[in-house]
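Below you'll find the structure, written out as structure tokens, and then a few comments.
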Amino acid sequence: MDLSFTPEEQAFREEVRTFFAENLPKEMSDAVRAGGELTKDIMDRYHALLNAKGWLASTWPEEFGGPGWSPVQRHIFEEEACRAYAPRIVPFGLAMLGPVLQKFGTKAQQDHYLPRILSGEDWWCQGYSEPGAGSDLASLKTRAVRDGDHYVINGQKTWTTLGQHANWIFCLVRTDPDVKQQEGISFLLVDLATPGIEMRPIKLIEGGHEVNEVFFTDVRVPAENLVGKENQGWTIAKFLLTHERTNIAGVGFSMQSLEEVKALARKVMRNGRPLIEDPLFAARVAQVEIDLEAMKLTNLRMLYKAQKQGAPGPETSILKIKGTVIGQELKDLARRALGPSAAPFPGMLSANLDPAPEDAAHNAARYFNNRKTSIFGGSNEIQRNILTKTMLEL
Amino acid sequence: MDFDLTEDRQMLSDSLTRYLREKYPFEARNKAAYEAPYHSQAHWEALSELGTLYALAPEEAGGFGGSGFDISVVFEAMGGALCPEPVLGALMASRLLSAAGVDQDALLSGAEKYAVATGEIDAWYGLDAIGTQAKPAGDGYTLSGRKSVVYGGQAADQLLVAAELDGKVALFQVAADAASVNGYGMIDGGGAAEVILEDTPATLLLADAAEALADAANAGIVALCAEAVGAMDVLQQMTVEYLRTRKQFGVAIGKFQALQHRAVDMLTEIEQARSITIKAAAELGGPEAARYASMAKNLIGRAGRLVAEEAIQMHGGIAMTWEYPGSHYAKRLVMIDAQLGDTDYHLSRVMAA
Amino acid sequence: MDLSFTPEEQAFREEVRTFFAENLPKEMSDAVRAGGELTKDIMDRYHALLNAKGWLASTWPEEFGGPGWSPVQRHIFEEEACRAYAPRIVPFGLAMLGPVLQKFGTKAQQDHYLPRILSGEDWWCQGYSEPGAGSDLASLKTRAVRDGDHYVINGQKTWTTLGQHANWIFCLVRTDPDVKQQEGISFLLVDLATPGIEMRPIKLIEGGHEVNEVFFTDVRVPAENLVGKENQGWTIAKFLLTHERTNIAGVGFSMQSLEEVKALARKVMRNGRPLIEDPLFAARVAQVEIDLEAMKLTNLRMLYKAQKQGAPGPETSILKIKGTVIGQELKDLARRALGPSAAPFPGMLSANLDPAPEDAAHNAARYFNNRKTSIFGGSNEIQRNILTKTMLEL
Amino acid sequence: MDFDLTEDRQMLSDSLTRYLREKYPFEARNKAAYEAPYHSQAHWEALSELGTLYALAPEEAGGFGGSGFDISVVFEAMGGALCPEPVLGALMASRLLSAAGVDQDALLSGAEKYAVATGEIDAWYGLDAIGTQAKPAGDGYTLSGRKSVVYGGQAADQLLVAAELDGKVALFQVAADAASVNGYGMIDGGGAAEVILEDTPATLLLADAAEALADAANAGIVALCAEAVGAMDVLQQMTVEYLRTRKQFGVAIGKFQALQHRAVDMLTEIEQARSITIKAAAELGGPEAARYASMAKNLIGRAGRLVAEEAIQMHGGIAMTWEYPGSHYAKRLVMIDAQLGDTDYHLSRVMAA
């Protein structure tokens, strides 16, 4: 039993910290601190910055251009990125499609697509969920019919995050409607410039544009864009959903939020005294700080286990459930700390008129937006079902 | 003991509810709530004509209501429709004008819109730390200071402003066009303003306004609690309806017991919220008004957050969208906590009592 | 909308309050305050005291010797009884069997049994639950076979509260095993002196003896002891379970507990100051006080509705759920307030040695014992199932 | 980073667990836990022979352990069996004797049982309000005051007593038979004592004991947290097993989703409790020991209550009975909160930091 990092890991942490200190442009960290939506330009430039260093594709093996990091190194990188208020890496190409192509793709697909992900030439988005298939993903209805050397897609995808920036989409489609649900699904790569595709924004609860609907009408996709075998898509989907779960607890982001909440509570006044001196608010902060401190260890314990076993186990669902609850509680505190000054619609007021301190004007919007975290990526209810079966065996 | 509405109040409730449902449906509400001036003058006038504002004042002030139950009937109906009209300001101003013995015909007819400006960036909920200062000037006074997040301020004709005068909190009336009123929209709809006062001319209404402001706050709290109950009822109904119709894994998700039990817990907290609101309404104007107002606002703050968060979670993604009305109910229920004192502020008041 | 009681109701409250002030022996209220188990003697004498006044059978119509109170009067009586620290009325004969006999019993049964309940000659206990039939009461297995003018009972009942004091038991028994579960059940009155009955104590978690198991081996019961028709027992059982629910919220007891917690928190010291000055503890108290204040109104609203409709509706399940949660929270605070002095096994120490203040030595025992309230009388899970069906219609 | 036990600790854990399961089964435990002297001398000796006490002290004090992880291994095993032996007093006393530089062979061999007497009726958790007074008397000292709920005091040979001397909290050793030790049993098993000191002869160990007492408390907290984790694991397993086997309405109640999800939430909190206990164990003896001990004790207090109450509720009536072992686990998990500072006390310490 030893909670310390090895000297090599400590040195790695220093290296990452120094890299961010020296190379992350202030405008990027300022934009992250401000809490609004990031521009495509910022995300592109951040990716380029990491790619130049060889750190962009943290989960990829070296043979494909990844840094060859251990899970612990990836964890350290994520912590330090949060600490530096770096943007998040957009996961669709790097954390999702990349590993899929590495495992299921042809050599030709790997050679073609992977470098374009790293270079930023392709921005991928995800075509998984459908209006009628949320938690029950396998019930998806979007059809792809083989027609010569093409598939013809008809149907609709939804919750396509940052699709407005993307030029490619990977989709789960139904290629055989006559077999058991899970057995008739395929995984297709689709150029968004193909005729018949329409992407429409979905405005979210807080007013932001983050997700989209994608409509497919007789969209012809070359058969070579099939990944894996026809009707093997469910295997790929499951691989993708369980593959990259090391950052599922969002510990780094919660540490960031905790720091923000504490700074805010020292700054804002309530009843003539700094809010942090209000014992009820201070108790809320301390309570979630304790839960987060425990979650850090829970996360490391499961990381350690995953590293030993070679893959994360079903117990990572605990990280998803508790991690999102902690993150949401912190966003609640950040909003609560502001009192009425949380209420103005973000972006309407100049900084000198905004009653909220700088960087806090989006706190209510972030609270509402953050409710998604317990819904997407397998809702917390689905995670409880998984744990019921796997850990409790009920 | 009688938990039924009087015939008059039932009629008011019905007519308001019907108006809001038929004439101010959700698309119209969202347009008014999120586009300047963050309410609708036409609907304001129509609601005024229905007697909404008269119901908030007693006969001696020219109204036909003014009790806690009159207030809760009006605001529960408004909450059910998420009505963004600045009626709360009218209610609180009416209490203050009554206390000052000032005529309020223009308020009750809806001809003039009032907003009450007490909160400041360093003094949101109490009166102790108010920084706005009053100075005698000629026959009257001038005010200097900043009032923050003045609900309804963006649309107000008149502002009632709390300011320090001779070591006491006094109440002044300021014509909105005499001040720098910077209006904006709110994340949950409706509007507010930052009001900058710089030697702004003002009329003194009450030299010692603490008691009147406390009464106005208590009335405002009853209103907000009733509004929340109205909104919770609707959001609960939406959620249950969604549970009945949305299918996953081949069955309606309302068949999943974990969701059933959580929906029951929502129902339970809503009934508790309704109860404490009735109690606060009954005590309004009496010696225990502040205590029960604090109890109510605390419970509403907790229940509102629970109902909002659980409704979103049980809906799933759809309730995360702007297009789905439920998301706006959820926002209102969360944000209402920050008006007139939040969960913790009011818990502290109950603890101190 | 009017929350005040009528002048008549106010006068009634005064009358009850005066009665308790003048007539309730101090040793009784002291015993209730102390929080341990009450002796049979105290319960018998308390019943006699109320019976002499005509107030014992609060739910019975006047024709059977009840006071003919309205639900509101009963509510006022309960509040005042709690306020005076009167013992609870033992419900099995008075609140359960009495109304059953009045509705389903023969004239002969009514004439024989009802006066004996009032006089205290008979102490009834309840034979409902079985080891395998808790929440699923209708699955009960205790058999009664008709043999001439007798029924012969074999089986086992459990959770028989205060059975150690009883001379009679009313039982649900299976008289027809070949029909749908609910249709083969009958309601029998059994003299505990009948050969073949054995009552064994069940020691509870906190060490108390409050409930019992009852074993029936070839117990011969006269057929005239059948209440209602054979196989009509489920109707009676449902009537009994839903009949007397006005006090289900336990508001009076919770008010009593709240008062005790506040008094205790003013008395005991923590970190050199009275506990009530600890903001975290004070916040816990204020929070439950608010919930209780709301519950008072919820209770009255449902009482009002029941009075108007003639019977309580399914929404009274809300009272059970929230009422028990509030009561349990208060018992938790009463234990928590004591710190380590809650831990000594009650009754082991003389008052001068006991580190807990007088009347508080049982606080931990009461906390543990009180966990039963969310389990018995239809567990809170069963109540949620009921509300799901009736109020939510899911 | 390494979350596996060392081979030595794994062996200790295994041998303790095996002993407790095979030689100290539940009936024997209940007999010892609830009948005077509220532990079993024979089992105490056997556990001592297994090296339990030596594992709690470092080599320089004559033991072979003494780190946070040694402590947590021992107490997690004891918690799993609800072992009522007074090992906690030995642990805390060992830390104090080490700080005082006093030989502790009799303690580590189990020959003498120690209890640590700090708490008083008006000063349960902190040292600020301690009322027991020390006076010089001849070559030594005498103590006067009352120490309350001294865990293990009913069986102790030696008492280590915190008392005020010259305005500081000092530490004294008192032979149990020199004081008035009034033993009793606890509602969750095991024993304690009220210790009345009236000019009782005492040996000064540390004139300024604040730091040593804080260290002993931190070690005790790690022990209690590990004990709770051991007990929670067992109670969780019992509950899940009951959910698998108990049938109502014709199906195992573990098929009801509402119960499934609550059982998952128990599991989640237990994993969190395990994590924070590991953290507190790792930090024991370091500069942040008190902070992480407080975090751990707060989380354990909340998780323990949740697991205890949910286990009882999901079992139903059976877990309300003395006969069912689960009820005793539930009691221990609730009552452990009151030892060495409860949920709120430790939350306050984290808030103040």
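Going in written order, the chains are labelled A, B, C and D, and every chain counts its residues from 1.
Here is the rule we go by: contacts are C-beta pairs under 8 Å (C-beta built on N, C-alpha and C of every residue); 3 or more make two chains touch, one makes a residue touch a chain.
Remember, it's a predicted structure, so these values are computed and weren't measured experimentally.
**Q** Among the chains, which one keeps its Cα centre farthest from the Cα centre of chain C?
**A** A
**Q** Given the two chain pairs C-D and A-D, which is bridged by the higher number of C-beta pairs in contact?
**A** Per the contact counts, C-D leads.
**Q** From the C-alpha centre of chain A to that of chain C, how far is it in Å?
**A** Those two chain centres are 53 Å apart.
**Q** Just the number, please: Cα centre separation of chain A and chain B in whole Å.
**A** Centre-to-centre distance between chain A and chain B: 37 Å.
**Q** Rounded to a whole Å, what is the gap between the Cα centroids of chain A and chain D?
**A** So the centroids are 42 Å from each other.
**Q** Among the residues of chain A, which ones contact at least 2 other chains?
**A** Touching at least two other chains: 279-280, 283, 381, 384.
**Q** Any chance you could list the residues of chain D touching two or more other chains?
**A** Residue numbers touching two or more other chains: 256-258, 260-261, 347.
**Q** For the complex, which residues does chain B have touching chain D?
**A** Against chain D, the touching part of chain B is residues 256-258, 260-261.
**Q** Report the residues of chain A in contact with chain C in the complex, numbered from low to high.
**A** By the definition above, chain A touches chain C via 279-280, 283.
**Q** Touching residues of chain A toward chain B in the complex: what are they?
**A** Listed in rising order, the residues are 129, 132, 134-136, 139, 158-159, 202-207, 269-272, 278, 280-281, 284, 332, 335-336, 338-346, 348-349, 353, 355, 364-365, 367-368, 371-372, 374-376, 379-381, 384.
**Q** So in the complex, the part of chain B that touches chain C is made up of which residues?
**A** 1-6, 9, 69, 240, 243-244, 252, 254-255, 257, 260-261, 263-265, 267-268, 271-276, 278-279, 281-282, 292, 295, 298-299, 347, 350-351
**Q** Applying the document's contact rule, which stretches of chain D touch chain C when the two form their complex?
**A** 34, 119, 121-126, 128-129, 148-149, 182, 184-188, 192, 194, 247-250, 256, 258-259, 305, 309, 312-313, 316-317, 319-323, 327-328, 330-331, 334-335, 337-339, 342, 344-345, 347-348
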